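Shared between the two complexes below is subunit A, which pairs with subunit B and subunit C, respectively.
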Partner chain A sequence: MDLIFLSPLLFLLGTATILWPKSLEMAAHYVGMMFAAVGSAVLLYKSGLYLISAGVLESADGWLVTGRWGSYSLNADLWSAPFLVITGLAGFIISLYGMDYAKGYRGNGLRALTGQWNLFLLSMVMVLLAGDAFTFILAWEVMALVSFLLVNHESSKKETVSAAYQYMIMTHLGTAAILVAFYILGSGVGSFSFTAFCNNKLPADVKHIVFCFAFAGFALKSGLMPLHVWLPNAHPAAPSHVSALMSGVMLKVAVYGFGRFVFQFIGIDTLWQGGLVMTVGLISAFLGVLYANMEKDMKRILAYSSVENMGIIFTGFGCGMILKHLGLEALSLVAFTAVLVHAFTHSLMKCLLFMSAGCVMHATGSKNIEIMGGLAKKMPWTAFFTLIGSMSLASLPFTGGLVGEWLTLQSLYTLAVNGGDEIRLLVVFGLILMGLTGALALGCFVRLFGVVFLGRCRSKTIDKAHEQPFFMVLALGIEAALIIAVGIFPSPLVAAMEGIFTGGNAVVPMATDFALLWSGTGNFYNQLSAYCPIIFAVIGLALFGLCYLSIMGNTLVRSEVTWNCGTYPTARQQYSATGFSKPLRRAFDFILKPRREKVYLEKEHDYFGRIMRFNLFVPDRFTDRLYHPIEHFMVRISSTLLMIQQGSVRLYIAYTMIAMVAVLLWGVM
Partner chain B sequence: MDFVLTSVGTNLLQGLLLLILAPLFGGIINKVKARMQKRQGASVFQEYFDLWKWWRKPSILTPYTGKVFVLAPIIYFVTAFMAAMMVPGLMKTGFSYGDAFIFVYIMALGRFFLTLSSMDAATAFGGMGGSREIYISVLVEPAVMLAILINSLRYGSTTLANMVIDYNSFYFTVPAVLTAFAFFLVIVAENGRLPVDNPDTNLELTMIEECMTLEYSGRLLTFIHLGTMLKLLVFLVLFGSLYLPIDIPVLVKALMGAVLIGVVETLNNKMRLFKVRIFLSAAVLLLAVAVIAQ
Partner chain C sequence: MEYLVVFLILVVFLQTRIMELHRATYLLAVQSAIIAGSCVIVGVSSGGGGFHAFLPGLLTLGVKVIFIPWAILRLIGEIKDESEINSNINVNYSSLAAAFFLVMGYILADRLLPGTIGRDIFAATFLTIMTGLTLIVMRRRAIMQIVGLITLENGIYFFGLLMTEGLPLIVELGVFLDVLIAVVVLVILTGRMRLSFMTTDTGVMRKLKG
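Let's turn to the complex of A and B:
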């Protein structure tokens, strides 16, 4: 038995801690989290080695895992490997974090939480290892149900329950679409194993229908607009380590499924496929980050930022599909590598930020950023690591976030060079939206970090905030270190991801490698540029040190309260998060349609003696314009059906009688 | 390795040259404005004296601020300096690390920290400046992306050094003129000049860059002002070497740009903040037309 099977086994053992007696609750929690961490570490080790060796390390036929038990089979090739690495890495770090974080749920279903945590990891690993449609759908469904249970963990809160059920309904719509896709493929090919699906000879029209269903299903799971509505509700409702795993890993599992379909089952034979994926990706990226700028709930901000980043990933994917369709394999390689690199770095930074949101919630007991401020002085390490994560999400230099973003921009640009007029138009549209997205992401994380960690405390309730337990801060630190490492030395990561397409047992073999891109010695095909972050980092650090010395030597520093026209400034005079995004709300009001509501609680006179309440809503327009009408339509249909569904037994007997008479009459005729 | 060292060395020299020239360009803009307004105006070297004055003064820190407040001006200055090292067209080097997108994101790093510092001071003024800076930067960014696209489409690379106007080919075309005009609008918005932002005051009506940095003094303020002036010069040099299709030395073109800014600043009023949206949409539209016409 291969070492990698140890990992699912450990997750299973971890799941079993749910059965431990209540008196051993804490022990069960620690042991369960330990199983999760060790299982993830094993997974990371094995799949990481496999990925780095580009699939030649393992058995001669190039599978990482292969096996068959009755109608269930496992087959993991190089396309699974990066996602297994993402799962293993995130699972390991967040399990460490969860060990301390989840202690807060003691006496409140802690065993269930830990058990489901292991099951969730197991199901995601199984989706990635699945070798046929049955196994895939089974694991996919377990993943959906367990994540529903995890989201619904704090089920005493009303909004949690509604978010969880919304998630459940939405995710099953996605599963239905994927089922249909598998069914069409399976009935056409005559088998449900993935190897049979590859290189199938189905007609192009059928393949296009399969593509549409698969895209709908996986786009829903990865939270692309307009199928994202569950995401900003489910992430804040779940405990923080669960949100981190959902955002950091589960969304990427959807990318895995989509890639499996596109690369192996369907192929890319028309332009519109890539165009559709890219357009949806671009719109998600832009609108996602625009809504992220409007939110006040820390985890909702992060959830919308996930929509944005999944949008960037799918933009790269669509770009690669178009390039591949145009026959430019080497350039599409850049785009697909961008997809995987960004999936990896987004997993790092989103896990970091969700975990840091958990730290802040622990310390302050709230998710509302409007009441926070000045936390950097109370929790310096959390603040420092969050700053790195925020920089990375704003895709600034020296962080991992820029690597994938830059590759995506490069591939967009090569698309403009090589495509025809219609493609160039698409790229113009794409670059405008990517530019907006980049700048809005910067604004979003300046706002998040600035309001939460800088300035002064905005309310008394958070005065007692303090630094978090060791394991929580350690987990943040590991993620931050990885982000910086990837940002300054991207070549190993990019080479590994590129190896998926160029390596010995590549799933989608492509012609060339682009190692030159990172060495900085030349231009790749005279079309791409080079980026060598280590040189920038060395120069930047040297200059920074020089300038810092000039301040260190400066003894002319005084401390004085800010001049506030003769009074002492209060914390309430700081800019609020809502105020900070006001110009953006105004500039994009034609998209956002903010609703304002003024209520006079007391009004003696027009100009004085007024007590007012002001409410501002920036509703998600897709919920308003798309989902509410559907919901109303469904309710109307149902209430119309109510006319014949009165619930009275006599009526149903009458229906049966009428039906019988009708059948008899029909027989006579 | 030798190649890397020599090219980095040359670029350090270029950065230093621009750093030394930057206050002079600021002084020239002020002089042009003064003369246009029928005033004598301060000497063109006045900015150097001001910087020296701030350098010798004590920095006053409010007790609410943290490390970000102290580090932000340095990071801002360093990013401006690195941008100055990257601009092409001044010195003929083989330094090809200067990717245009990276140039944009290095600038963004400086902006990120400057806006954060504005929130660290815990005042209403700072936050307002930061909020508006983000607003302007969001509107500028698409135009910058398209400006990069158009030159890289023409010369086949997003490396800044390869995007320099090539006078051997036919360079004075309609798209080139449109781009040059649009990029000038970008310079105005990105560097907080009139009619987008008034660099001379920090009154309520303008309240962008000067308000973000209101709480700074002493050496920290020196870094910010030097960074801002350097950033303006970097953009002017970029304007000259990438976009202005006239065959004269780059520094002369940068000087022309500076004079143009002085003239535009005299002839225009500060625009209402939410009109900037239209101002920059014009730039985006011009660039989009230029890309299609390319």
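Let's turn to the complex of A and C:
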């Protein structure tokens, strides 16, 4: 047996800790988390080796894993490898984090939490390893159910339960769509194994139907708009390490499934498929970050940011599909590389930020950023690592977040240059929206970091805040270090991800004229990075030197309280989170439609003696305009159907009788 | 045989008009007696006589003509309230439905089984079956529904007899045992219902809905 099978085995053993007696609760938790961490590490090691050696292909037949047991089969190829690496890495780091974090659930279903944690990891690995539709759907369904249980962990809270059930309904709709896609494929091929699917001879329009169902199903799991509604509710409801794993890994598993459909089962034979994927991705990216700017709940901000980043990933995917359809094979590989690179880096940074949100919640007991402030003094390490994660999510240079986004933008640009007239308009809009997305993401994370960690304390909740236990900070530190490492030396990552498509060979155009676009020099692979941080460093140093020189002369330093029209500045005078995003709310009023509610509790005079309550609420427009009408429609239909269910036996007999007469008459006709 | 069929149709039509429970039960007994007579005729004409030819007729006589009406009449005897025994509802719809089913029976007989000798018998059995169902659906009194059930059962039994010209003995015994037990249970339940709800109107059962 291959070493990689050790990993699911360890997860299974970890799941078994759920059966330990209550008195050994803490031991069960530690052992379970150790199993999860070691299992993930094994997975990371094996799949990482396989990924890096993609050109050599050490294993005899080119599979990472292959096996068959009755109607179940496992197959993992190069397309599974990056996602296995993502799972292994995130699973390892978050399990370390969870070891300390989940201690807060002691006496409150801790064993269940740890056991389900292992099962969740196991199900995701099985989805990635599945070699036929049956195994895939089985693992997919286990993944959905276990994540539902994990989201529902704090089931004493009402909003948690409603979020969890919303998630369950949505995810089952997605599963249904994927099932339909598999069913159409399977009935056309006569087998459910992925190898058979690859060689299908289905007519083109059937393939288009399969594509639509697969895209709907996987887009739902990735949280693309307008199928994202479960995501901003489920993530805040789940325990933080679970949200980190869901956002960091589970959303990427959907990208994996979608990629398998597109590359192997359906093929890319029309333009509109890529166009659709790209449009949906762009809308998700832009609206996701816009809504992230409006939220006050730390984890909801991160959840909407996940929508944004999945949007960017799918934009890159759609871009690659269009390029491939146009016959620009080499350029499309860059776009698909961008997808994988961004999936990887997004996993890093979103895990980091969700864990950091967990730290903040742990320290203050709240997710509302309006009542925080000045946490950097109390939790310096957390603050520092969060800063790195925030910078990365805002795609600043020297962080991992830039690499993927840069590659995506470059692909869009090559599409604009080479794509021809039909799609130029789409690409121009795409570039504008991507630009806006980047700017808004910067604003969003400046706001998040500034309001939570900088400034003055806004309320008493901060007083008892303290730095977090060792393992939690360690996990944050590892992620932050990786983000910086990827940001400064992205080349190995990019090369490994590219090797998936090229079998380890360098893509041709990058070494020629196009390399000018990528790195500023003629040769891509001799550079350290895809976007040449040296240039950034030089520019940065020059700017810094300029500023330094201009300030040099004035060495007079006086310490004074900030001038504030004669009053002493208080915490209430700093920018609040709501205030910070006010300009955006005004600018995008027509999209967001915020609801403002003013109530005068006391009003002596028009100008003084007033006490006012002001409520600002930014509704999710998709919920209002799409889901509520559907919901009302369904309820109306159901109550209409209820009319025939009167609970009267005589009526039911009458139905039988009418049916009988109808059948007889029909037989006579 | 033809006379019996005409009588059967007449009796079934009458059943749809009668609301008084005693008379309905007597009619049921008459109807069962007609069925018993037909059984004997069919038995004699198809099989060469013997015990088996008379057994279904005797069983029908014993169970459906004597025992079941007796049990129902006993139950009615316990009901003191006059409004329970007589109820005024519009019976015209049931009669109309019966007429419709008779026509439909003839159409079915012509279209589905062309050239059958027992065309009239088929129509009559179809009428009996469907009228039994109509009684169950359109009457609210539990006892009337029992009468409907027995009518339905009679129709099905007669139809089976016509089609197969004599069933195996064990099947016939089973069918009669079924009917017997169903009626016993129904009579007991109706009695309980009268005690609990002070009425045999099945409309009150809707209160039990969760």
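Rule of thumb we're sticking to: the second predicted complex is superposed on the first by the 581 of 669 C-alpha atoms of A that agree within 3 Å, B and C clash if a C-alpha of one lies under 4 Å from a C-alpha of the other, contacts with A are read in each partner's own complex, and residues count from 1 in each chain.
As a working rule, a contact is a pair of C-beta atoms (placed from the backbone, for glycine too) under 8 Å apart; a residue touches a chain by one contact, two chains touch by 3 or more.
Owing to the predicted nature of the structure, the values given are computational and were not obtained by experimental measurement.
*Asks:* Which holds for A:V417: it touches subunit B only (first), subunit C only (second), both, or neither?
*Replies:* It touches subunit B, and subunit C stays clear.
*Asks:* Based on the superposed arrangement, let me know which partner A:S187 touches: subunit B (first), subunit C (second), both, or neither?
*Replies:* Touch status of A:S187: no partner.
*Asks:* Mind telling me which of the two, subunit B or subunit C, contacts the most residues of subunit A?
*Replies:* For subunit A, the partner with the higher number of touched residues is B.
*Asks:* Could you say whether A:V661 touches subunit B, subunit C, both of them, or neither, answering first, second, both or neither?
*Replies:* Only subunit C; A:V661 stays clear of subunit B.
*Asks:* Check the residue A:T640 against both partner chains and state whether it touches subunit B (first), subunit C (second), both, or neither.
*Replies:* After superposing on A, A:T640 lies clear of both subunit B and subunit C.
*Asks:* In the superposed arrangement, which partner chain does A:P569 touch: subunit B (first), subunit C (second), both, or neither?
*Replies:* first
*Asks:* Looking at the overlay, what does A:P397 touch: subunit B (first), subunit C (second), both, or neither?
*Replies:* It touches subunit B, and subunit C stays clear.
*Asks:* For the complex, which residues does subunit C have touching subunit A?
*Replies:* So the residues of subunit C in touch with subunit A come to 104, 107-108, 111-112, 130, 133-134, 136-138, 140, 145, 202, 205-206, 209.
*Asks:* Which bits of subunit A are touching subunit B when the two form their complex?
*Replies:* Listed in rising order, the residues of subunit A that touch subunit B are 373-374, 376-377, 387, 391, 394-398, 402, 406, 409-410, 413, 416-417, 421, 424-425, 427-428, 431-436, 438-440, 442-443, 445-447, 449-451, 454-456, 520-523, 526-532, 535-536, 539-540, 543-544, 547-548, 550-551, 554, 556-562, 564, 569, 571, 573-575, 579-584, 586-587.
*Asks:* Please give the residue numbers of subunit B that touch subunit A in the complex, ascending.
*Replies:* Counting only subunit B, the residues touching subunit A are 4, 8, 12, 56-64, 66-68, 70-71, 74-75, 77-79, 81-82, 85, 96-97, 99-102, 105-106, 108-109, 111-112, 115-116, 118-124, 126-128, 130-132, 134-135, 137-146, 148-149, 152-153, 156-159, 162, 215, 218-220, 223, 273-274, 277, 284, 288, 291-292.
*Asks:* Can you list the subunit A residues touching subunit C in their complex?
*Replies:* Interface residues on subunit A, with respect to subunit C: 646-651, 653-654, 656-657, 660-661, 664-665, 667-668.
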